[in-house]
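Two complexes are shown next, each including chain A; its partner changes from chain B in the first to chain C in the second.
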Partner chain A sequence: MKATIERATLLRCLSHVQSVVERRNTIPILSNVLIDAGEGALKVMATDLDLQVVENMAAASVDAPGAITVSAHLLFDIARKLPEGSQVSLEAAENRMTVKAGRSRFSLPTLPRDDFPVIVEGDLPTSFELPAKVLAELIDRTRFAISTEETRYYLNGIFLHVSEEDRPVLKAAATDGHRLARFTLPRPDGAEGMPDVIVPRKAVAELRKLLEEALDGNVQIDLSASKIRFTMGGEGGVVLTSKLIDGTFPDYSRVIPTGNDKLLKLDPKSFYEGVDRVATIATEKTRAVKMGLEADKVVLSVTSPDNGTAAEEVPAQYASEAFEIGFNANYLKDILGQIDSDTVELHLADAGAPTLIRQDDKSAALYVLMPMRV
Partner chain B sequence: MPQIRRLPEDLVNRIAAGEVVERPASALKEVVENAIDAGATRIAVSLVDGGLTRFEVTDDGCGMDRDEIGMALQRHATSKLPESLIGEHGALEQVITLGFRGEALPSIASVSRLTLESRPRGADSGWRKVVDHGSTVADEPAALPPGTRVRVENLFAKVPARRKFLRTARSEYAAVLDVVRRLAMARPDIAFTLDHGGRRTLAVGEGESLEHRVSAIIARELKDNGVSISLERASEAGVMRLTGIAGLPTFNRGIADQQYLFVNGRPVKDRLLTGAVRGAYSDMLARDRHAVLALFLDLPPEEVDVNVHPAKTEVRFRDAQAVRGFIVSGLRSALSTGDRRSAQSPDAGAMGRWQSEPVNGEWGAGKAGGEEPTGPYAGERSLFAGEAGAGRNRVGEAAPAWQGEGTEMAAPLQGRVAEAGPAQEVAGDFPLGIARGQVANTYIVAEAADGLVLVDQHAAHERLVLERLRAAGSGASVSRAQALLMPEVVEMDEPACDRLEDAAGKLAEMGLAIERFGPSAMLVRSVPHALGGSDPAKLLSDIDDDLAKHGEALLLGEKLDLVLATMACHGSVRAGRVLRTEEMNALLREMERTPRSGQCNHGRPTWVKLSMADVEKLFGRH
Partner chain C sequence: MSDYPAAEGEEESEGAEADASVTDAATSAEGTDASRKIIHIDMDAFFASVEQRDNPELRGKPVAVGGSAGRGVVAAASYEARKFGVRSAMPSVTARRLCPDLIFCKSRFDAYREASDIIRGIFRDHTPLVEPLSLDEAYLDVTADPRQLGSATRIAQAIRREIFAATGLTASAGVSYNKFLAKLASDENKPNGICVIRPGDGAAFVQSLPVRRFHGVGPKGAEKMARLGIETGADLAAKDMVWLRANFGSFADYLYEAARGIDLRPVRANRIRKSFGGERTFSEDISSPPELRETMDRIADIVWERIERNGAKGRTVTLKLKYNDFQIATRARSLPRNVIDKADFSQIGHSLLEEVMPLPMPIRLMGLTLSNLQGAPKGGRKERRDAEAQLTLF
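Moving on, here comes the complex of A and B:
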């Protein structure tokens, strides 16, 4: 294999794929990227066996087609440090790959391409398109609630499913057992009959990063019950394929309260800032903030055994009976940070019941938060 | 159809023997208990081959006459339930002797060759009866001093099924020794001797104090590293009394083999008691370390049922919660004061190292690298031989540093603080003394009225922060309940669910709300906030293991304590930080004020004191 490529192109492409590669691997070839030189273009591919990213980049010239694998982080670091605007030549021969740019020369160890694992996609019967912006918002609104606890693996991702309500919808949900985030959008064409799938956390994170550079176009999504493929940027773009979490997402619709009659409306920004301020007092392990709801105001307070107390009054619209409820300040802030309008609605029932939070009744995103005993 | 028959007497005895006598140690226990019940003041035990071949118990108790000897070998014949009690309802509940079943002697006699010789006090001659596996082979006068001598030979010689399960002489001897030690501890007023194969392995005198006896048997260091406990609590049923000696948390062991518990003078192994002990020591000991102690619990006989098991090693309490609470609070209050006593001395091994090194002629010889000690402290470096030390200084070079005390003492060398204050400042009311300096930026050296105190600054401060957090109620804030969005169903077997359901109230106080969900599943509604990220199923099964083992859910509290301890660790002064004299003194004063500050969260000492006498010993001045 022998090819020459713009340093900027190589760097951008490697930055996309290298984060898929785990820093520490028991299988040596998983530390490598596959570089496949074809007609006028290079294909770069990285995988961690569950997730793979393939990107095509235009080469300045391909002198000899071929494929080789080389350490992803090494090549990325080299590309980063090469002078801007330089042409990088990659040449593989005798178990080595020579990287040349300007006056620099590197000779890197390689592993044969035939050993490189490729996820077998199989048949992906469902396919639809979503605007990249919508997909990005779907991820943003839900990913903070994804559980990081490995034992309940089925919560370690975003759950996607379609349902028929007054109109056909596609829903995305994530929960860690204490809070729930749900995002609803009209069902795209082609998504009907889609199996329920859970997209793992790492795939979500990588996808979100890739979307950042392709926000204008559409994303093609193809999936089966066990694999999902996102294609961005059309031809020559990036393709991310991931295995799906093999588990059953709990029936979360039951926990979304419908009869919460106490409605609190307030400005999410000042609410967020108030919570953030009073939580300064709380120590790292005790992030409980108490909300005292009174007529047209909320009194936020935190009591810490060693740091004293804090209280702040936030103006609000509230007309039901006064009561107190506690929340984990971080959870509350996570949710409030997602609301970008002037008001947020909190639907409460009592100090022990789940609380529903949303921008208004038309918003696509909806959050449920469990209170904390304070 | 098989016929139902009454079994012959010797077979009945042999069956009974299976319950009471399973190995030489258990037979010996019965015989020694008889001697104690007979009012003996001296009990001599001698054995051959760990009791497999022969053991003999001689006492100077009340003795028996010829007729009584015959009776004693009958089943269910005993002198220990007085006439007045027999027939009365609840006679067994008022038993004050160790035995009462009247089974032991005939049982032993049915599986061995038993020689019973006895002479009542005041009688001019004794009597001997020899029973070989149930049949009398001799019944004749005998010559012996007043008292009783019981000899058991060839135990299980004719019961091959039993004999097969006996261990080696060595392990049978270990079991015998354990039995004798426990009984000897229970009765410090009685002299005990134990001879094994002509060697005297245990000898304790008559009329000793409890502390003396216990530490003589367990470990001599226990007397110096323990607190004695004496506590009474009156309840409606009578007076409950807890005495004994509890090792300081710093005096711990890797296995729980030196926890001796006695209920009404009876050595018992009871999981309620071991659970209570662990509860009392929790947060002072690491989970895998165990306290050393001997506790004597006395309570009205009707409050405890000892007739649970023929060997009487298990007991049941009428009010188990009260007993547990009594033990935990008694131990904790004793331990909260005990650890500030000046007797907390470095262990013998460390002392030995300190003393031996100067003899080698070269300080820290053969140790490379490490930090160089300052002039004033050069003479003390061998204590830190593990980390400090370079082969440069010889004794001869260290000496001038000592002579230059007046001028060089005040000069901090290599970043260490040295106290320049006047030495007269030492006041008697500061048990931990006045800080004189800091070694390796980790240990505070303080001078107390009666010796030299070394304090591990990180361990000590960590403990203080933890105690402060706890006093401020941080325990409650880490255990705030975070409700679960979707209650978690945890499937467990039915007994486990029953146990957890019983403990649910207590767990709910710590933020873990669980309820029964069908016969074999539990529903978790909320988890303690600080453990929010953990797996409820794992948590529940761990708690259940703990409940099954100790009868008490200590685990959840311990896990929350661990969170607090981690907070304490992050909030405390690290090793390696230079402290100013004022800071060191403030730390010492706070340690004196804070209970349980003598050990870190893992049971290691936070400070040691080298008494003046020990210091003088190091210089050959004693």
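Moving on, here comes the complex of A and C:
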């Protein structure tokens, strides 16, 4: 294999794929990227066995087609440090790959391409497209609620499913058992009959990074019950393929309250800032903030055995009976940070029941937050 | 499926000391002299007596609670059975050989716990300083005599009367100025008796006893002492510290004080349970994966039932295996949160089991324990309390 490529192209491409590669690997080849030189283009691929990213990059020239694998992080670090605007030559020979640019020259160990594991996609019968912006919003609105507990592995991702309501919809949901985020959009053509799937957290994170550079286009999504593939940037773009979490997502609809009759409306920004300020003195990790709801105001307060007390009054629209409820400050802030509007609605029942939070009844995103005992 | 004898976790077994698995919160004043008044109450053949109370046909007959088949062990024996030499923790096979007419009853922990709750309520009517050792025995520090009954002996008698009136069961009481003596005393006039060891009489009482009666001296220890010419507390008291250290190492301090009737341990109220567990010894050693998995299911069911009954929450699950060469292996997993439900508990048990398979040799026992309990006073307690304050959707 011998090819020449612009340093900027190589760097951009490696930055996309290298984060898939785990820093520590027991299987040596998983530390490597596959570089496959074809006609006028190079294909770069990285995998962690559950997730793979393939990106095509335009080559300045391909002198000898062929494929080889080298350490992803080494090559990325080298590409980073090479002079801007330089042409990088990659040449594989005798278990080594030579990287040359300007007066620099590196000789890196390689492993054969045939040992590089490729995820077998199998048949992906469901196919639909989503604007990249919509997919990015779907992820942003839900991913913060993804659980990190390994034992309930089926919560370690975003759940996607279609459903027939007054209109056909595609829903995304994530929960860690304390809060739930749901994002609903009209069902895209081709998604009908789609199996319920759980997209793992790491795939979500990698996908979101890739979307950031392709926000203007569409994303092609192909999936089966066990695999999902996202194609961005069309020909010569990036393809992310991931295994899906093999588990059953809980029936989350039953925890979304429908009869909460106490409505609180306020400005999410001043609410967020108030919560953030009073939580400063909370010592516990969970940072419980007490909300005292009164006529047209909320009194936020924190009492810490070590750090004293804090209180702040936030103006609000509230006409139901006064009561107190506690929430994890970080959870509240996570949700409030997702509201792009000058009002947020909190639908409450009592201090021990799930609270529904949303921008308004038309918003695509909906949040459910369980209180804390305070 | 083989018949699993009802060898409940040791914490459940009658009369078992549970010091290893508890820590204390509140404690009574640590007495350095004989000014304290300590009562040890021990129910008489508790499990067996509950069975005899609830089933009149069993009264006056030799009764054992526990599994009768295979490797079952006796969890408790009635006094009629004890006459034949049947004892707690004895293999059921042996018990039946000693007493062919022995009637085996399946254990009914709900009934025992119900009676135990009543008894503990009576203790707490007399003093807040109650240290339960198991379902059927407890230490009480009655130095303060809140009900002004006048003497520890009167309090002990009142408690025994109240227990009988409320449960129909008899208890024995030991009254003295420390826990060690109170416990020895309660054993003195069993069943349905009381024994008082007054200040000044403790050393003489202890020295009259065979060393085997000392808590912590088992058959092996007694054998060793016999070889060294020690039969009674007096023999032990005649030895100095240097000699005891040389022969018994770290056990010497305890023996030195015990032989003089000294015990400064306070009565620790609000002892907090640190674990819930259970284990099963099999009729026959097992090694095949399907059998192991099925056993795990059964044990998880039983242990979880116990956890639920106590409303316990914990983060660490420990698998215990005893191989047929009696080597014990344990595997534990700690979660960042509490175990959620039976499915979760069972799943963790199974994954611990999968980690040790294939087994190097068949096992004779499997156990599963939940520990790192909520509220246990230990590092990270605050965070766990917080985690609990957070209510959950699922």
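Rule of thumb we're sticking to: the second predicted complex is superposed on the first by the 372 of 374 C-alpha atoms of A that agree within 3 Å, B and C clash if a C-alpha of one lies under 4 Å from a C-alpha of the other, contacts with A are read in each partner's own complex, and residues count from 1 in each chain.
Following the convention adopted for this analysis, a residue touches a chain if its C-beta (ideal position, glycine included) is under 8 Å from a C-beta of that chain, and two chains touch if they have at least 3 such contacts.
No experiment lies behind these values; they were computed from the predicted model shown.
Visitor: So, on chain A, is it clash or fit between chain B and chain C?
Guide: Once both complexes are aligned on chain A, chain B and chain C clash.
Visitor: Counting residues of chain A touched by each partner, does chain B or chain C come out ahead?
Guide: Higher number of touched chain A residues: B.
Visitor: First (chain B), second (chain C), both or neither: which does A:D306 touch?
Guide: So A:D306 only meets chain B here.
Visitor: For A:T175, using the defined touch cut-off, is the partner it touches chain B, chain C, both, or neither? Pick first, second, both or neither.
Guide: both
Visitor: Going by the contact rule set out at the top, does A:V255 touch chain B (first), chain C (second), both, or neither?
Guide: It touches chain B and chain C both.
Visitor: Now for A:E149: first (chain B), second (chain C), both, or neither, which partner does it touch?
Guide: both
Visitor: For A:M372 in the superposed arrangement: first (chain B), second (chain C), both or neither?
Guide: both
Visitor: Choose the clashing stretch of chain B with respect to chain C from the list 133-141, 295-303 or 403-411.
Guide: It is 295-303.
Visitor: Quick check on the output: what are the common chain A residues between the chain B footprint and the chain C footprint?
Guide: Common interface on chain A, chain B vs chain C: 149, 151-152, 175, 177-180, 250, 252, 255, 284-286, 288, 326, 328, 352, 354, 368, 370-374.
Visitor: Provide the residue numbers of chain C that touch chain A in the complex, in ascending order.
Guide: 335-337, 340, 344, 347-348, 382-383, 386-394
Visitor: Mind pulling up the chain A residues that touch chain C in the complex?
Guide: 149, 151-152, 175, 177-180, 250, 252, 255, 284-286, 288, 326, 328, 352, 354, 368, 370-374
Visitor: Contact residues on chain B for chain A in the complex?
Guide: It is residues 468-469, 472-474, 477-478, 480-486, 488, 511, 526, 529-530, 532-535, 537-538, 563, 567, 570 of chain B that touch chain A.
Visitor: Can you name the residues of chain A that touch chain B in the complex?
Guide: The touching residues are 148-149, 151-152, 175, 177-180, 250, 252, 254-255, 283-288, 304-306, 326, 328, 352, 354, 368, 370-374.
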